[in-house]
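What follows is chain A paired twice: with chain B in the first complex and chain C in the second.
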Partner chain A sequence: MESAVIEKPKPAPKAKKTMSDKWYGGLLITPAMVIILIFALIPLFYAVNVSFRHADLTMGGIQGWVGLNNYRTVLHEAKFWATVKTTLVFTCVAIIVEMSLGVLIAFLIYGATWGKGLIRSLVILPLATAPAVTGLFWRYLYDTQFGPFNYFISLLGLPWHPNWLGDIKLGMASLIIFDTWLWVPFVALIVLAGLQSLPKEPFEAAELDGASTFRVLRTLTAPMLGPVLTLVFILRTIDLLRLYDSVATLTRSGPGDTTETMTYYLYRQGLVFFRMDYASTMALLFMFAVIVASGFALRPLLTRLAKRAGAR
Partner chain B sequence: MKGNLWKSICLFMIVAMLISACATATTAPATVAPATSAPAAATCKDADRVPISWSTIAGFYTDAMTKIVSDFEATHCVKVTVVNIDNSQLYDKQIIEAVGNTGAYDVFTMETAEKASFAENNYILPMDDYINANSAAVDYNDVAPILADITTRYKGHIWGLPYYTYTQGQFFRQDLFDDPTEQAAFKAKYGYDLTPPQTWDQTHDVAEFFTRKAGENLKGVPLTKDFYGIGLMAGPYQEIQDELLGMIIWKGSDVLANDGTITVNDAANEWALDFYVNQLLPFAPPAATTVTYDGVMNQMQDCQIAMTANFFLDQWPNAVKTEQSCPGAVMGIGEGIEKTVYVGAFLLGVSSSSKHPKEAMDFVAYVGGKEAQTTFASMGGSTTRISVLSDPQFNTPESRPFTAHFAVLLKVFQNMTGKNSNLFYSPFGAKLYNSEGLIEHKAAVHEVTPAESLKELYDTWVQYCGGTICTVNR
Partner chain C sequence: MLQQKESKATVILRYTIITLILVAILFPIVWLILTSFKPAEDIMVYPPHFTFKPTLDNYIYALQKANFLMFIKNTLLDAVVSTAFVIVLSSLAAYSFARYNPGGGNILFFILTTKMFPAIAVVLPYFLIFKEIGNTSVGNFLQIGLDKPGALIVSYTMFNLPFAIWLIVSFFQDIPRELEDSARLDGYNRLQVLRKVVLPLAMPGIAVTAIFCLIFSWNEFLFAYVLTRDAARTITVGVESFFTLRGILWGPVAAAATISVVPMLVFVLFLQRYMVRGLTFGAVRG
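Up next is the complex of A and B:
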């Protein structure tokens, strides 16, 4: 009799325990989160703490709890609001000038038939140096007696001999001209990249349909370039709002205090007069304002990007 | 794969922690080692040298300081690391390190107005015991008495030694004042002889007289560019207040009264700023509102100005270069208008968080001492010691391009005895001093009137001092 051998079914090989995508993703971002925690959030919470205390580093250091006194003092201080006004005026004028010139230059480079690479390389030069260095260099360019600007003006035979950094009517304009020189290339390059990434087909179709240049610009280029322009606008606005280095090296908030921006005033309160309580309070108010403004500005862009992602 | 990644990260972190722990373990003993007496320099090996660091001003006689440090190291078993910091950042950087008690710098460099703030907060150590124990070597009494008083004394202690004075006097183009054509024209217009101005009214007259447009004559020769009567430091810096302080003291006032009452908006202060803005500034080059001392020296060397107001005498080696750059120019030097000027010096003090205070004090005593000060003077530095200022080797025709101001400094110190500002004895001094220039500069550029500027200054000081009276500890 043949014995029937019933083979025991082999147990299925034990599935190797793997990390879920969720945990894996979490793990990957952990180093970045740790860095943010250490270098951003802890100082932020520390600043919040200091803003509710009396903190004069050269007179006893960080001391007792004063509630909202620092916020009350700062918000009632005329000087603080004067610097807010200066910052806003500078930002509004500079952003208009920089965006206009940047877009114009981007279109000019885009339409150029030769030397695009060379022009792009030249345009990027101002961005290759630190504003702190170029600011000192521009101090020389603006010099009333020895500066090249006034030299060229005199060569033209003009009766105008501007005191760029010493005349209260010209101080802000001098700062805006410097910032424009420094940052227009950034705007131009980003817009140029946006232009070059636009699909060709709609433009070819429009050309076949005989659409005018203005119509193409209005109905195709502008809407398609919108997200790029919005992004550049927001980035530049935030950067202009926190302007410090150009003021520190070029004007030192002068002439008078006509170019004293919020961040420069904040720096002086914190690191010249060591009133860390006022400086922290101003920094938090400034950060809150920028976050709120950026949130409003970014909302349309994020909504559009979310819709586009959903459609895919 | 994912498991391996996780293990790798853990391993990496453990290794990193071990390495950092080992590094801490090996460096920790060095940072807490007590100060010990160093072996004699002659037998001293590099490894035995006690390390100290000195925070000082970048670009201020760096060559001379390198030589002095080298000489000190040759006689002491100490290694000095010189940390050069831009003058505009020096105070901020030192305070941050002092507040943090980091011990990053063993020796601080301070402005006169900053001494009380450092001392009040115990950021620096008193040096009385050291100076008493080493009285012969330090020879504290040789320091110009007014400098010793304003730069080193606070609350009955001595907090360091001055090593570089920027006390004011006046520079002028002597050749212009000696020119017969100019003398005759001046006398005809103002009714008295043309001389370097001794009073503020004369200063106005002379400044006005020499201010001329291109094409007009100067010493009988047509000018190729505009010429101005006076050079002023009216830019957004602290030096504008140094120009004003001599005027205020001459008027019998100060920025702080003896009891600490803030007086920046009193009649004398208002007169000084008003006179400066409306009687002197119109005769200065337009760039006056953007420059500080180096700008004025550039204007002088560029043949643009006839004289300075009260101005830092340590700049003599720069001023005298005008004789090379302007044909026919001969530079003169004076004790200052009304013989009442700003007096000040940089001083060295030892950080209270220094790991090696004895060696740091040795260094301060050396740099402020006669030997190093003589070396400093021979390289163009503006010494603080009476014996060096009056040393005959620095009063010869050969040494004139570098040290002609020494004899004048001695007179100025004499003139200013008992006229030092209360600002230098206030623990708020640094804050007050740092806030003053920018606010007074607003009047110079006509953003506000002098009275409005001083009102703002008064309010700012009230805020810093917590009331209308700032502490003054003479």
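Up next is the complex of A and C:
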């Protein structure tokens, strides 16, 4: 469908008086690009600069060069690696739970014969809420004494009385359950959209041939859903690694420091202890890791999109 | 994947599981709204009360004690102004990317990589920069600085811009190019084509993008938490302030949280058709 459009000669009756497409296109993106460049690059340069200096805001602010000392200190700090580990454990478990539950829910809704629209509009609702606000309220849901969760557990007759946010064995699980509640709808909706946009013909052909459900899933559905699943996986991973809001309001890095993720530690270093040098160094290391990992994974997908955007 | 052969048992099983999932998803939201209307003596009780005499006490408390009207005003101001900026800037840029493709996809890709900066890494330098700017007369005049609305408007504009550009590009692509070509033949110049042909057609998409930007700014927590102290506080951070008063007052917390959450719930109910497209930068057509 594209080729016909591209080959059509450009009508340019006033071509001499107007500027070329190239300049016009460039002009239109300039305001947005100026803003993006200024506000993305200034913080970046700022962080790079501070990461090579001594910067204790409680004592004299930003001072002289210290070379790579901050990087050395941060990389040798056990606490830093502990928060990296917490972040990775959280991300790995949460991504597995969210992806599998999300795909399951998507298939359930896809197969529903009636009420699909209603189900979809209800499933979507957690996505509209602010994690910081619902995270705060979940402290009440998790409450050992008055919380409805423990009441439901007692209704089931289980002799289990968990202290969700106080037991060091459960803190991480509580955080993951909350994050799952918040983000499973996202995974489910996107996988559902992917399922609905699959072409019908191959599936009808497979049915005529008498292929088993499992065979259809393995040879048709899975490969065709691949790109959508990859995209959800990467977007979710980036967000999980960056998790901050729910830690800040739901667990506050506790119990103990069992849910202290990297971003929360970064926040404390920078804005509680005011050690901007360490905070900037960690921020850069973190940013670098995320961009390298996600950038490589996303690049093929995104360039294809960008190409489709441009070359019509 | 065809469903004709499903037995009655399968259908019942499917809907039972779906119902359970819906209950799990909706319970926290329903409970939040219920709690906001509960009298204090019905909140900290065991077993939890499902019936009670609804009251507006929590809302009155929230609106009086914590200056909640100001939080709402600030949040609206930040969200609306930043969204206006974002929509103007991103519509122009997205149109250019959809039609002229400057940079052959590389610029568009670069724009998205700025979304991969962890917000926390950006907010620390912003804190220091806004602290400096706030002390200058320019910063004072433009209301940009710590605890001033300009700081959040600038921040929200910045972080919604990449997303908005990507989303609007996907809507512009759906507009057939032939329409523009024939408008040019009819003697419209480029700006007229953009204003009178393309923008009206793209309006639904632009509106959806605007609502997304409003939701993101409205729900934003980290920047608001770090860059404001008092006068420029927003609602998401304001909800937290009930922590410090005396213990945790769950009634007012729930009332405040409900005020913060319900407007966006309503938006999303209308938006659901476009949610997928929005959340994946237009990569998946919803």
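Here is the rule we go by: the second predicted complex is superposed on the first by the 280 of 312 C-alpha atoms of A that agree within 3 Å, B and C clash if a C-alpha of one lies under 4 Å from a C-alpha of the other, contacts with A are read in each partner's own complex, and residues count from 1 in each chain.
In the analysis below, a contact is a pair of C-beta atoms (placed from the backbone, for glycine too) under 8 Å apart; a residue touches a chain by one contact, two chains touch by 3 or more.
It should be emphasised that the depicted structure is a prediction, and the values quoted were computed from it without experimental measurement.
*Asks:* One more residue to check, A:V74. First (chain B), second (chain C), both or neither?
*Replies:* neither
*Asks:* Quick check on the superposed pair: does A:Y46 touch chain B, chain C, both, or neither? Answer first, second, both or neither.
*Replies:* second
*Asks:* Scan A:G26 for contacts with chain B and chain C and give back first, second, both or neither.
*Replies:* Once the two structures are laid over each other on A, A:G26 reaches chain C alone.
*Asks:* Under the stated touch criterion, which partner chain does A:T263 make contact with: chain B (first), chain C (second), both, or neither?
*Replies:* A:T263: touches chain C, not chain B.
*Asks:* Looking at the overlay, what does A:L271 touch: chain B (first), chain C (second), both, or neither?
*Replies:* It touches chain B and chain C both.
*Asks:* Determine, under the contact definition given at the top, whether A:R252 touches first (chain B), second (chain C), both, or neither.
*Replies:* first
*Asks:* Where does A:F186 make contact in the superposed view: on chain B (first), on chain C (second), on both, or on neither?
*Replies:* In the superposed model, A:F186 contacts chain C only, not chain B.
*Asks:* Scan A:Q145 for contacts with chain B and chain C and give back first, second, both or neither.
*Replies:* In the superposed model, A:Q145 contacts both chain B and chain C.
*Asks:* In the overlay, answer first, second, both or neither for which of chain B and chain C A:L165 touches.
*Replies:* In the superposition, A:L165 contacts chain B only.
*Asks:* Return the chain, chain B or chain C, that is in touch with more residues of chain A.
*Replies:* More residues of chain A are touched by C.
*Asks:* Which positions of chain A sit in both the chain B and the chain C interface?
*Replies:* Correct list for chain A: 18, 24, 27, 145-146, 271.
*Asks:* With touch defined as at the start, can you tell me which chain B residues reach chain A in the complex?
*Replies:* Chain B residues touching chain A: 2-3, 5-6, 9, 91-92, 95-96, 99, 117, 121, 235-237, 285-290, 298-299, 302, 304, 427-428, 430-431, 434-435, 438, 441-442, 445-448, 464.
*Asks:* What residues of chain C sit close enough to touch chain A in their complex?
*Replies:* 1-3, 6, 11, 14-15, 17-18, 21-22, 24-29, 31-32, 35, 43-48, 89-90, 92-93, 95-102, 104-109, 111-114, 116-122, 124-129, 154, 157-158, 161-162, 165, 169-170, 173, 177-178, 181, 184-185, 187, 189-190, 215, 218-222, 225-226, 236-237, 239-240, 243, 248, 250, 253-254, 257, 260-261, 264-265, 267-269, 272, 275-276, 279-280, 282-286
*Asks:* Within the complex, which stretch of chain A touches chain B?
*Replies:* Chain A reaches chain B through residues 18-19, 24, 27, 57-59, 61, 143-146, 161, 163, 165-168, 251-258, 271-274.
*Asks:* Which part of chain A faces chain C closely enough to touch in the complex?
*Replies:* My answer: residues 5, 8, 10-14, 18, 21-22, 24-29, 31-33, 35-36, 39-40, 42-44, 46-47, 50, 105, 108-113, 119-134, 136-141, 145-148, 151, 181, 184-186, 189-190, 192-195, 197-198, 203-204, 207, 216, 221, 228, 231-232, 235, 238, 241-242, 244-245, 248-249, 263, 266-267, 270-271, 276, 279-280, 283-284, 286-287, 290-291, 294-295, 298-299, 301-303, 305-312.
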